[in-house]
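Here the chain labels run A, B, C and D in written order, and each chain numbers its own residues starting at 1.
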């Protein structure tokens, strides 16, 4: 069922950066399809790693072992069999990956250290559904160190690093995930996390909303004991707002996707680097002197434009929002309609979150060798489907690189088939994942410990103080020294010395 | 009464950029001193213009005429005497200034054009209290063209351009303002605006809150007919929030200070240029290779840092807020405590909105020829008072430039005595004032035309759609071409094709 | 005699930055007109200072004293009358200016210190002809400290700071210069420097070639004792090359204009800042979003483009040289012909050293309010003469700012009447002048001490080692720490540990 | 013989960027060792391509075929057997690569077009020794189109792309090269190029000097017919200068390594991009906020610094040359000694062309996870040998990435074992290779067609006009429009309208 699969790819990729809502996804949870085709690329860290130099690439993914993990009998060295992973024997390799990740996630390690006295998550029973990577493992083991019990499934059928899953299982975490799950496996794994005798979750950590959806659908009574949901992705957050509007949200939920720190790192700072990386790895092109049009001047567009300008490209911007348009002007970019420059540009980059921003008509008018790629939230921005016509020839020249050839010989260089360039052809630095994971951990702590009544059955942004705390935990990486307010200054400003330092509407 | 004077300077300058609140200003309106010492430098466009090349510098300010305007009998050529300005004969010169300003305020001119059919302010009786400059005149005449009647006073005893006031009076506006008013004059002028037979205001446009305060104190009944207050300054907005909290705000108020477009232009974009301009005009220094510490990485600090980095300075940043601190790191600035670099830097710039950020101890440790200046919201950031001690010698070397000399011969170069560098030693481009004036005009239209019930007795931010409209009116200046959503795209995004395009919490 | 006057203005301004030769100036020395119309703006530091904040602006230039200095009897406090300045009583004020300049010219002060043991210029009799400013005074007093005797005249009839000249005379330097000399005064002053009983120069320091010319014409026998000429300006250097080609150069000459350090500072680094400064001081414009065309991408153009791009302008470049053109491309600028963008740009800046780069036809096509200015080497780049036609109205709106108004109301904003913006409307930082003065001092030392035969009757560039030495003397200003080669490394690279470090053709 | 091996690696890599001379290589040609250890990485385009996405990576390098090409009997489809390549059957694949390269080398294609009428190389018999890649093939076929006969060997035993060699052989070029030659093969191939019955070269195109050396040693009489040598690499150029100094150079030689265009692209523009690319591909690190020290501020260092600064890194610079040091200051970088910052930096990058710039002592003091890499001209800059001690553990974590682990657990991340990062872990864009190839072609044309006497038995730089021509041929790529001088302007400037436009000492 191709079409639904495609939609899920849309959904799943969107974890990273859209700031706006998608009207055609406004089905409620109970209407959503439950069939196959799950989020094949969502935050596909592993995917992109495979494409590049990532150490993950060297994994010995014994693909010759064709037995389904569900059919295997496996035990950890301590005798537990409450897990389901590809191969428990890969644990050692996975452990090394986790240890490397620990070195680059100082904030979580700092949380562990501070938690030695108090256990802010003592009694917490967290069920999680996220990508299962070394970075996630550091998060899970941190939650454990803070006192929580965890059960975990994957939010993506492809993104699980089997070795990491094995290492987690080996050290006692009930993990149900492997790379290459079927649709059926996917739901089976989730179910194994929540449907346990003698254990009932009181916290949900979700990435995409599938876990939440499953509980809503199958075990609605569980919500009586659940203190809250922490959701990371745009899609999942969107679903929660839908539930809330419909009056069906029955526990507080924390939207960590829109926290300041996470947003800036996922979008502006990360994309400023990954646009260059993605283009270089796929095309080896030179940036200097190239004419580029960037569609959309949100955080992602701002990052792309700044990077390319700095490398000597001449950058044009398209926008629909006059405020962002004015920002583009003040930052030194010509604001144009796509049609005005489509014939002359060497590169077209979409970062709008919108659909059909680059149409077949645009593609027809591009010059020979024009590169087309997408940094936005989904694969809808470039109308790739319109290129699947008989008169055009597709030629795969490298991994993630297709030449689409017109009858007159003109070639368009299409990257990642219009999917997210930064996820498909670049990597997400661990530092960015550290920001996200720390935000998730703090959101869990906040929801779990909040006094009755602080949060109602609604969707909340992370309290600013928490957001500031996430940031402060990452400052030591840069040997950055924060200034403290004196008492006199705090009084003058009417602020608490420990923050929060800004009103909620502050824009950073 | 030194302390109150100082406070007023604080207040009045603050129109430009603080984003945070000042605890020690939490007196309510009826407790505030009414004595002398008024806002001597607030938005002193004229002041800075005088210091530089501005055409204002050539004004023939017949200072030999010592008669108080209050004691003069003046008539416009049409016979009106419902005004009080320095010299109605200067009208022609002022008219030329207004015409020049019109050319650089295309948004207001566009509003006039669109208003030819409808008169959205027909029936509006606006009383205003702002700086009286050529740009304000363009605003007032636009309000007139939109159907409003206006009466106007100055919000600053020094900032009135007499020629412009004369031109306004000559063309029929009841204006009560001149440069060099006394404290008594100041309140007299405001009173002449509101206390008129047969005319009662139904809208207030205020900059600093004095006009609002006066009506509250003297003519509280007037509020029965008043549909709303539009307030531009940080201080005035702060007072409104205080009133609101105290349950004493009896009409809707619009906080235009915090609208996106105005904030970005007043702070980020404007300061990015004025820091260079202010330093050059006062010191003729070379930026390349200089070590600079910028205290505060809000919008103003971001602008200063970006500009100086681009000019080849080595920039350090201090911050109290970990999120802004992390932004500084990612933008390539070493985050330090002031003490760590104070001995080595060539320039110290404050942009915090805080007090005593640069203390005497810091000043004692600076190296010879270190330049110290303030881009923040008030004159409190540098503890200038601590330099008024007998062992230090002050030497005025140029307008706005003092050498403070230590016993061992070390000199500190203090600019503008610690007041705002960008207002004292640079100019505010008309384009920035155009953004502000357009925002004010739209806020007046919105409040005046809002259906009953849309706004309650509270303080509101400008609706996002209005903010976007302000931006769109300024795009033609840059020959910028906005893209329009197709119906299909609008539906996909769940947006109206005409905006608003972003959720309220969007950070730009 | 307008044409010769114009040529002189060309010549005199050109001290700063042309890199190419002017065919129509190829008259030899003895053919050049000796009449009026002298270099009215050459390096007019004083001029620009007057326009801005410079302390020079506060000079009490007792203009009521109309007596020619040539007719006055003046004596220094030590009884000397071997000088001719405006007013010896202004010496104290001038001394203070010199002391301030000393603080910013650490390289010359370091030379003085090192010279305490040895006197590398002992026996040198230097006759100089340069602008007479505080910075020149520091140079002259340094030459004195190094053992030289000096006599000095001004190379420009307007640029002398009378107070500084007075201070020099007071401390014993035979100085013959004042602001506002006539043509006849100019040559009289030069003659007084060289035509002295019992004193004959053995070194020449010239800026523009007039002093050299005078000696060639009047006292050719003097060259028998002269060891060399140091020449700073493009024009003077050009003349020397002409003499050399014609076989008439009878002593070695040092072209200090083309030394690396001086070139980079006079052009790239200085213009990067002064373009912004000059535009701001004259127009108060905002740079963000403005469309600018920069004609010429040499060092000056590179500096202008970098600065404006950093401030958010959109910059186009025109070039005739394909190598510089390719550099512009790689630096991110669209390379266009002027015609292609002339209708759309907000600012036109010329930096070509060429003539009629901006023609009347271009001016006719510019849009309303377009700003036109020149950063190149002369006033020929914009065809200003073509604007002096009856149908156009000129309106002087500020010092250095003219509106030229077309019959249809279109206004062009012409800065400094097409003369050098950076000299007319900005200032030259003392640091840049320090580089130049140090280069001159070292060139004098080199020529004076060179063993017989090292230099022949030709024009030489400053030896690279000297150039490096100038640079090294300026590093402490930036607290910059140079690395020293180890013996092993020096051997590996085949270099002397003390330099020179690069082959002559190295491009930096 | 380790030491000689190391030197050769030095030599061979140096084709890219050193600007200075190496004292310990001053052996003359006839003293040089002829043993093993040849240029293992020189311009290893193929190498780097293999490491990354390059289409070359998909080459089916039938490594199972162990027969030496020297022992095979191969024939092209046209019956020729005057070549020696790995497998003539790979020709078709190689042809496709050449066709792709043609699209990105418009300058050579333009030369071909212009040559259709005249054949400027008619009669030329060129023997070449360069890397054999698709780009070289475009060059060779262009030389053919211009009328030349060519015979070719590889200048590096690893860099030949077998498929491309096959395609060249198939289309009739006598090519003698394959990937993985032995030392003996290397010289055998060269000999097969020159030692032919009935054919004697009259032009040499060399990259590294080995071919020239061979002819000098074996066939000195050949020089009687040779019109000139074109040499591309630093090492080869150095050898030619040695020969010239020793009076042994018997034909004119053209140093194309130091032509302006080639230098800027090989160094500044190329490294500005490849430093980011190389670091990303190997480490997936984030640049923002990282502290970096760049050793050396030549063209390469300037490129690295600019790129990293733009990405938000904090960059320190070390230099030995005070002029470059002052440039670093003015560009906004703190100039330090390596010791001052070695404990705090996250990345160390060498670009000096020197040896032992990073010593074991430095390495001992670096912090955990510090990344160390080399962008300079050889593998000598980091003292990698000093890390081969028993107490340190080496761990290969990815291709080109080693962790060197101290006893206390500290890890240093060493890239490419200290060899050139940009060649080992990045790619050289075709555009840069196009610049080089065009320069080579024009140098051959110039030397071949120069009238008797224009060039003597010396080493020459490419005439500026040719350099400008290379640049102009590459402008259309950027849709860049050059301005032409009018007759009047050309006369004014004393220039020919077609260039050259600058004096020889111009620095660009």
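Worth a mention:
Just so it is clear, a contact is a pair of C-beta atoms (placed from the backbone, for glycine too) under 8 Å apart; a residue touches a chain by one contact, two chains touch by 3 or more.
Quantities reported herein were computed from a predicted structural model and do not represent experimental measurements.
In terms of C-beta pairs in contact, A-B outnumbers the other of A-B and A-D.
With respect to chain A, maximal separation of chain centres occurs for C (centres as means of Cα atoms). The mean-CA centres of chain A and chain D are about 41 angstrom from one another, to the nearest whole unit.
Mean C-alpha positions place chain B and chain D at a centre distance of 58 Å. Among all residues of chain B, those that touch two or more other chains are 269, 288-289, 311-312, 329-330, 334, 478, 480.
Within the complex formed with chain C, the residues of chain B that make contact are 51-55, 57-58, 103, 269-270, 272-273, 276-277, 280-282, 284-291, 306-307, 310-312, 344, 368-369, 397-401, 426-427, 429-432, 477-480. Looking at the complex, you find that chain D touches chain C at residues 19-24, 26, 258, 260-261, 263-265, 269, 318-330, 334-338, 340, 353-357, 380, 461, 467-469, 471-472, 474-475, 478, 480-486, 488-489, 491-495, 499, 501-508.
By the touch criterion given at the top, residues 288-289, 309, 311-314, 329-334 of chain C touch chain A in their complex.
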